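In structure tokens below, several structures.
Note that chain A is present in both complexes that follow, paired respectively with chain B and with chain C.
Moving on, here comes the complex of A and B:
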């Protein structure tokens, strides 16, 4: 039962155990436990491959909040299986690598807890069928990424990078949430599978395009598409295993997963095709263009990742036209773009993972990853050199590496765009040209990566440690990935038939299974694609050789202050400034102002409700009569109250307050409340004494030196509060909805054996209340005693330190 | 009578509000004291009807009693408001000793040692 649900939960459970293991078991590195978890999950998922390949899917439902349609539904199909295999497989390799990469003095329990948190969240993203659950896991990946980027939180650049990635991905995710809610409003379901079957009726719905664009916003921010790509290079402040895992192989591909997953929902729409394809192509070009100028190897790889993600994105965009209505079966050819996209996605994870690990090794062993300080490492680090050749040449699209195959397929799909006559020939023809130019730039930065690092002059004086080969533990994972790079080149169809083809069913459920899938071959004649590749090599080599002659162009074209990075930084500063100004404008630190806010709120909310409901109904007749004596006391109290505001002396004000108090106690006598009258008289006397004592210690009143305007405001506020208060009280007296419960207490003699009803209520019916009241008095007494007795004058040590 | 009491209560509330909005700490405390007077009178007039019966002490002669429930509540309230006033006064005294002023506006921004 719930086996796939369990696969999501296991990493979270393991994340909880990691700190305990770290603390208790000292002999074995805690990373091995994490390795065990991810490998077990990987093997478990591998066991699904044969069934998935034969077209089966698995659906597990765990009812979570059924009344809101939110259920923990996992859906295991071809598409989610690929991602899950990458998550757990690369996860295992990265864990091994990290065991040797991170010093044992680092806070390993934090590191591995975050890593497992990420793994669980990411599995949740790819397995969830319910969009709300998907959203939760989606944001959880952002949070775990934040924690991992900020792993070395004592460095400011790490914190800034973490903040930037969080702000960008979370705001995109928030947009995605709104898009999901729109989808739910349209289709009435939260299940992606059900949406796919019903969406065709909603293409004209006014929310259809907004929902699409918002979901794409989420995908683009997560997958670092232009112009949201700026967070990825700064995220490279994370430890290298994290960069290899989250920021190249898995998390940044969540956006691609989302676009692929929603292709059946939105795919037939032309807007979808344009947005996804164009954003992808721009990202492809911009990423590769910027990668060349980087001097930090990790930054170079970050931009290269951006570029490759754009390439995959654009292919998925192109493939969506296969779902367009009114087109015949020959449109099926465009599904091959999606095939190429997933193929390249897997290839990218292998070669980019290996390359990141190579950079990590260089950084770890030599103490720097700055290209200007590196060079000539080929003979000193032969294995690392070999791996980096495999990785970079695959990335550049050269045989015999897997990148060559997917790059050729990319050219095929990008060339097929020319046959779509959506807009003028020139524009359609421009897409392949841009893509080809980007491929040339890709070739250039791949060469920079290999040749500037491993060939040329060895400059030991610029390194922190002399160069030597890394230990086997660190080399193991990149070697495995490098082997995959070569194996996939030679046996691409094993992967194609068993893993990629089932994923195609998920992207194009509307099309028949027999039309999907593709035979991959390295040699398909001397066609245009091959010519393009040759062109890439020739021009790329040319540009690389004359790199230093044209590199100066960058500063001229792209000054730092005009970049999106600068825009991000400036707007962040501006937001901080503006919010500080706004906050300071009303958080004045004056009690009076805060009280005014509270009173104004009272006036608006309560007075407004009163006006709205028109609840003023006064009937004065039904009440008891007023004697002359009562008139007299009332008028005396009103005069006393108003004079309190006018008197100059404190003493008079205090005495006027006592007049009010004694007036109240006279009223208690009139209202047949002897206990109250007695208590009030006693308390009022004591209060007056207290006030007089305070009068003795406090300074003489100064004239209220507030501005005239604020005095007027105070006056208006006070009168308004009084009026509203009176109106409500009068209205309440009139509209008594229920019988008074007091008659119950009149049985005091039978119930409590008392004749004084008030005393029975206090001492018997509500005895707990009275007891707690005594406690309040006690606390107040202690407070008074403490304030008076304990003297911490200036110059004395604070009491807490004694 | 109820209406008259309620209007008196309203006047007291207005005065209390104005006092609470002032700068001198003693005025603010006086404001809270006046506010509790107003509250007590209000609770009283919210009962079954003022003067509409005998003192709520059970006797054989009485036909009806005034509402005992507000009285019980007010009795609690009187004591609590006394405690609050006492605390506030001592707090004001202590703050004055430490800062040398009773003006709320000048208390702002004073660093605690």
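Moving on, here comes the complex of A and C:
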């Protein structure tokens, strides 16, 4: 059955139940329910590991909108399994943590609904094989991230951070959608698996490079790559469990997932290699460089996340070389960069998750996370201190923690770039140097994190609460993650063989299984990588000790007004200003103007089509003659219409208007359209009542005192609309514009069991339209209700200003 | 001059039931003859509006204690969720089906899933029309 599809649906269903549980069951914290859901999913996915490790994959197809090639296809392979395990595993830990972190006075039902929404969307991203379905889930992760960042929406900074992240990730996602459509145009399929098998014939297609760059745009905005990284530090306004979960462990890695997933499609292209690697390296350097100057612990971790994401991205970029020129044997060595990337991705989730939780604990217990006010906590919070040592030493790349292993492998892969002769030796040699410099800076900010927070002088007068150790509930999750950091160091090959190796099959399906995967060992001889690590420690320690002597450089190199943040802020302001000017220029607030726009559009679009297609030519001879009775009704309607212009009271005008409506319904009866007549009569009745209800609010009916020019425009527009509409009505029978579609529905009785074709169309053949119309009607009704009932009274303070 | 609604009210009390019966008839006959969820819903709405016009809002509210916003939301919920029903049988979203049953009293009857879908449509129409008219009227 569709078990993996269900795994995606379950979090959404659970999200629906959360508010009910929150309301009905008071005794148990609603977070435990969320924990149950994510743990069950985690254990379920764990049960797939043995089969996936032996090279199996699972494909479930669920036909959704087959006529548009859009099917809900899930594909469970090594790569998606790793991400799914991180999503559900870290999700469970974060949930436990959040139960103790968030005060019970917060709006917990919103929080956990959004969290589950995110979990489902994220599982959808990693399991979807159909690019359109993937796109929908992709944007859903952005939306749930927006909701979670703005969880404390009464704070202006939260709203701004949420807006920034939404604008950047959604516009990147939109670019990605265009790239997906280009891929579809090229290959004719929406399935990623099918693309991988057919893409080799399209490398010279003019859309190939644009599609690649647009998809990368989506991945880079999501994974906070330079220069789109600016949203991640502001996203730290979210509650800390959210930062630990979305903005370090899972969502920001969706971009990396996408790049890895599309490596078999685009890998081997030089453009792909250069863009992914260079952007990754710049992000790595820029993130670590900026992390040092931060005084807010969370901002420091945000920049460090940016930097680490850049590092993983660059490794995936390097690994794509393995697919160049078919697959010659000496290129296989580059696949180990992808191995290192995934290995580091897992390691990063463990140590960064733990570090975020540590910051959350400090913030929660002490009321501040400003480095300048912290210090000397080591003896007061020993467990927290230990976890942060484990986490940050792993991040700095020191043994015996898992970060050491992946950092060494990173050096190996970055050094292997030197053997590629794509451009001059100097440039190729620069890449490892920049990466090494970034590692030194990484070491420095890791030391800042530990030593400035936990050592030094304890300054109680600067804290909101005196320091003490956190409750066990909050410590549990970081301890688990910290244990993983150490366990992975000692048993890296368990992870490598069972989890990472199958993922390699997914990234390099063109290569044989025997070439992929590798043995990880902590001691690999006194080689260049180890010397680089020693260099990192020596230079890093030196820079850390003399930090205050060179920190002033930052203000000199990076003035605030030249940053990308300033660029973002200014362009947002400019866009708002310009769009306000444009909108105000045509949104005059006069009903007459809006009517003119609508009718002029009608004249141009419909009249233009009529002229263009010569559909207005009709032969009146072939129509049946008009009977006396029909003449009578017509004349009555004409009189009603003309006198409507001349009457003195509004009430009379309303009644004359209904004469027109009922006249039309009489015509429906005569022309044997009883259902239309029925609908028209009832609608006419209801609208007349509505009119009378609104009557009270309408101003006095008086002669309009408008300018001559607008009167002339009104006249022309009305006559033109009338002429066009009459022409359509008369010409519609000539069948020039469209083929008759009735043949399609003729066998309604056989297909839908209905003899009323109209309703068979509404309820069966085109039920989707009806369903959406119903929803639109509901929205319109609620819109009217809110406009009238909830309008701001005079003297109310607008919420936005707070 | 004091207005007197006695005749109107007496007639309405009777006529409303005729209109509602018509609405049910229209709703059920929609599969084979003119009618259906939309018209059925509109006729119910018209009957309710007639009640509101001839009696005052409070009295009718007391007799029909529904929140019509919720009625509309329930309708949209029914319409959308019936679409998912077909997924359980491996059919595309919103596929409808029908079958003939031999029911006591009614004899051989055709039952179809469209009826559920149309019931949702009818509820939305009733809910939205009454909500709009009431919120305009009450905003004095």
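Miscellaneous remarks
The rule is short, and it goes like this: the second predicted complex is superposed on the first by the 586 of 802 C-alpha atoms of A that agree within 3 Å, B and C clash if a C-alpha of one lies under 4 Å from a C-alpha of the other, contacts with A are read in each partner's own complex, and residues count from 1 in each chain.
The rule is simple: a contact is a pair of C-beta atoms (placed from the backbone, for glycine too) under 8 Å apart; a residue touches a chain by one contact, two chains touch by 3 or more.
Only a predicted model underlies this, so the values are computations on that prediction, with no experimental measurement involved.
In the superposed model, A:755 lies in contact with both chain B and chain C. When both complexes are overlaid on chain A, the residue A:460 reaches neither chain B nor chain C. In the superposition on chain A, A:770 contacts both chain B and chain C. Once the two complexes are overlaid on the shared chain, A:64 sits against chain C while remaining clear of chain B. When the two complexes are overlaid on their common chain A, residue A:780 makes contact with chain B and with chain C alike. Residue contacts after overlaying the shared chain place A:625 against chain B, while chain C stays out of touching range. Judged by the number of chain A residues each one touches, B leads among chain B and chain C.
Touch criterion met: A:730 reaches chain B, while chain C stays clear of it.
Within the superposed three-chain model, A:370 lies out of touch with both chain B and chain C [touch as defined at top].
After overlaying the two complexes on the shared chain, residue contacts for A:674 are found with chain B and with chain C alike.
Counting contacts as defined above, chain A residues 674-675, 679, 683, 686, 690, 693-694, 697, 754-756, 758, 762, 770, 777, 780-781, 784, 788 meet chain B in one complex and chain C in the other.
Chain A contributes residues 62-66, 674-675, 678-679, 682-683, 685-686, 689-690, 693-694, 696-697, 752-756, 758-759, 762-764, 767-768, 770-771, 774-775, 777-778, 780-782, 784-785, 788-789 to its touches with chain C in the complex.
By the touch rule above, chain C contacts chain A in their complex via residues 26, 30-39, 42-43, 45-46, 49, 53, 69, 72-73, 75-76, 79-80, 83, 87, 90, 92-94, 96, 98, 110, 112, 114, 117-118, 120-121, 124-125, 127-129, 131-133, 135-137, 139-140.
Within the complex formed with chain B, the residues of chain A that make contact are 588-592, 595-596, 599, 618, 620, 623-626, 630-631, 634, 637-638, 641-642, 644-645, 650, 653-654, 657, 660-661, 664, 667-668, 670-676, 679-680, 683, 686-687, 690-691, 693-695, 697-699, 701-702, 704-706, 714-715, 717-719, 721-723, 725-726, 729-730, 732-733, 740-742, 745-746, 748-749, 754-758, 761-762, 766, 769-770, 773, 776-777, 780-781, 783-784, 787-788, 792, 794, 798.
Chain contact summary for the complex, chain B toward chain A: residues 1-15, 17-30, 33-34, 37, 40-42, 44-59, 65-69, 71-72, 74-76, 78-80, 82-87, 89-94, 96-98, 101-105, 108-109, 113.
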